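Next up is a structure, given as structure tokens.
Here the chain labels run A, B and C in written order, and each chain numbers its own residues starting at 1.
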């Protein structure tokens, strides 16, 4: 009668023009689900931030204790890492890490992106559906297996090739790492290139371009965001890789003067020594500081890559 | 009209195109050969020797002929648990960053932080897990601690890949959906996610592969022993996984056939990862058919 | 609730109480040892630990184990922090050793005798090395095999990382306390015994050191001061490169931890299982 309708009207006025009870329920349900999931997504990003904060605080808390006993200058500028004699100079590791990352990217990025382009644009469909699972497979191979293969197959080969007594060093590590991050970069780039809408391609072809021109001038710039993410994720995986690097890099705390001197980078040094030092020692703090440095270096390299892309001129 | 006038520029462009095609094919085939060689090297020593007994037996420290039963089970258990923890949060956070987050410097900064965090060495996550679960909560070396630490390890990559996948969805599709009166979540659920599903599943496959083959984190948080029984579902049991066992057999074991066990374990690992990737592709196949790709 | 339901619940509850009382007494009558033992520390002792745990669990099914290992010093550290009940360590952590301070309040329980050997790649023609020669090689003074009776090739030194129990013991017993100096070329550090074995086996002209138990066909053990590296020579005292493996506990061990340690120290375990794993029985050392 009068009351129910007005009641209904006052309720439905929030939602718009609804006249029957069932529609009211559905609309409310939909709005409720919307709100619910919005909160859920917000919760997940907060959870992620919490984890990030946890990791950063954990590393930084112990890391910064180093500076109670070691001066900034010594830690960052000295090349002498002999903790048994109280020398905590991490400069050699910092430089080596940057060299290793640069070399790895130099080797793997062109090849990975070429594979991604090949996969997405040029290869026939049977090849595509075949190579994708195989590339994903490469990611699942444990890093120790890569390390072991590097040790038993790559190093003897390098030894023959260069005549060195011990062919461990930055070059071997860069080769192993390139192989490890190849699937990451190429798969994510592949997805980015595939996601470029067909109409871009069709427009370019309509203007009379060859396939290469379409790829280089239209598709790659359009997919540059995704490719950039792929390169960054591959690079960060390479920076943080420990087990495989440890087996082929020689683990000597000195600057990499040639491609084949046994050296050490931040990650390999941390892994080799963290299990063998006492918790409350400056050595342990210095190792945590090196982990923090890894974060900082990786952040700087990420900013550089983003900057390169921005200069490349693509739109956000 | 002939349609194609052979100017110098045209000829050069065609030449470059042909050369590039040849180059791409060359690289593609070369890498394919490399991958096959790699897989062959890993598997040829191990795969022929695997018996069903090897897959379910308990390991042995002294006699040759130990198996990998509990470790294989633990590997799956830890993998599934860590995916249960990491996928909801990773994908959820990625969706938030792509759909809900305002496009300002803070969001960009957050993105960079997430990316930088995927460079933290796995051993640090192991130490973090140790500090949280063994020290703070005092539960020692458990499967639960191991899988959560592993989830932490995988979160950054999953978030970024999801976010990029969703951002790549053209806005036309979203606008069309909104024009039909959908709420934001309806749009995400029915339009954006199916289109982005391919790339998200790639991310999940990459993350699952990494989780399956990860050893440093598990050594520190879940230990190097198993509970000794085959089908132990206890969350608080120590959980040596197959990858960890591979490390152990390669580094410390003194049993005579250590090298063979290592080869066989590596072969099993590679095989299982292939299987997992196939399994993840099945819903994708359905999805693609639905979208008529 | 109606009468029938109340009656059922009461009966069930009584049955439950009675059966659990019986079960409790049955368990008490059988085996009193229960609990969880966490062992952390040296990876060299890990095979022994895992095997002993397996056997011990067969005798006392209520005791569960969690073992891990990443380096000798993590053992006593985990005990100190309370994360582990037993810390496996390749040296007596209650005393000072070069590079590590003593861990106060912990008790060292000997559980094994570990022999070590100097190993070289199969292509090296040298059979015997003296203390002086080893000191020279590891300190970097001797760099060519021809100086110690081999071919004219550079020596590639492979060593364990700092903190390794194997390294601590090798430096003390084989090098007489001498240093292992890092060189800029032909020098490599590895993280585990298995890696050491692979490295020496695949690197020509290399020298390293390892637990005797890992020596097999791919690498060659050299004599030390003329004495061959065998278990007998350790027992009769001629071969000096060996050490005890210890389980560190917080104070004296009690309860199931004590039972476990005693099980390992027991002569039966030492002369059968430990011996099969190529450790030397504690009882054989005088």
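In the analysis below, a contact is a pair of C-beta atoms (placed from the backbone, for glycine too) under 8 Å apart; a residue touches a chain by one contact, two chains touch by 3 or more.
For clarity, every value in this text was computed on a predicted model and none was experimentally measured.
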* **Most remote chain, CA-based centroid, reference being subunit A** => C
* Asked: Between chain pairs A-B and B-C, which one is joined by a greater number of C-beta pairs in contact?
  -> A-B
* Which integer distance in Å separates the CA centroid of subunit B from that of subunit C? -> 34
* Structure fact -> subunit A to subunit B, mean C-alpha position gap in Å, rounds to 13
* Asked: Of all the residues in subunit C, which ones touch at least 2 other chains?
  -> 70, 81, 191, 195, 198
* List, in ascending order, every residue of subunit A touching at least 2 other chains. => 148, 271
* Structure fact -> Among all residues of subunit B, those touching at least two other chains are 250
* Once bound in the complex, which stretches of subunit B touch subunit C? -> 61-62, 130, 134-135, 138, 140-142, 219-220, 223-225, 227-228, 237-238, 248-255, 258
* Structure fact -> Per the touch rule, the subunit A residues reaching subunit C in their complex are 83-84, 148, 151-152, 155-156, 165-166, 168, 246-247, 250-254, 261-262, 271-273, 275-279
* In the complex formed with subunit B, which residues of subunit C make contact? -> 36, 38, 43-44, 46-48, 50-51, 53-54, 57, 64-70, 81-83, 191-195, 198, 211, 213-214, 273, 276-278
* Going by the contact rule at the top, pick out the subunit A residues touching subunit B in the complex. => 30-31, 33-34, 37-38, 40-45, 47-49, 51-52, 54-55, 58-59, 111, 114-115, 117-119, 122-123, 127, 131, 133-145, 148-149, 153, 179, 182-184, 187-188, 191-192, 194-195, 197, 209-213, 215, 225-226, 229, 232-233, 235-237, 239-243, 267, 270-271, 274, 291, 294-295, 298-299, 302-303, 306, 316
* Of all residues in subunit B, those that touch subunit A in their complex -> 13-14, 16-17, 20-21, 23-25, 27-28, 31-32, 34-35, 38-39, 41-42, 88-93, 95-97, 99-101, 103, 110, 112-125, 127-128, 131, 152, 155-157, 159-161, 164-165, 167-170, 183-186, 188, 198-199, 202-203, 205-206, 208-210, 212-216, 243, 246-247, 250, 262, 266, 269-270, 272-274, 276-278, 281
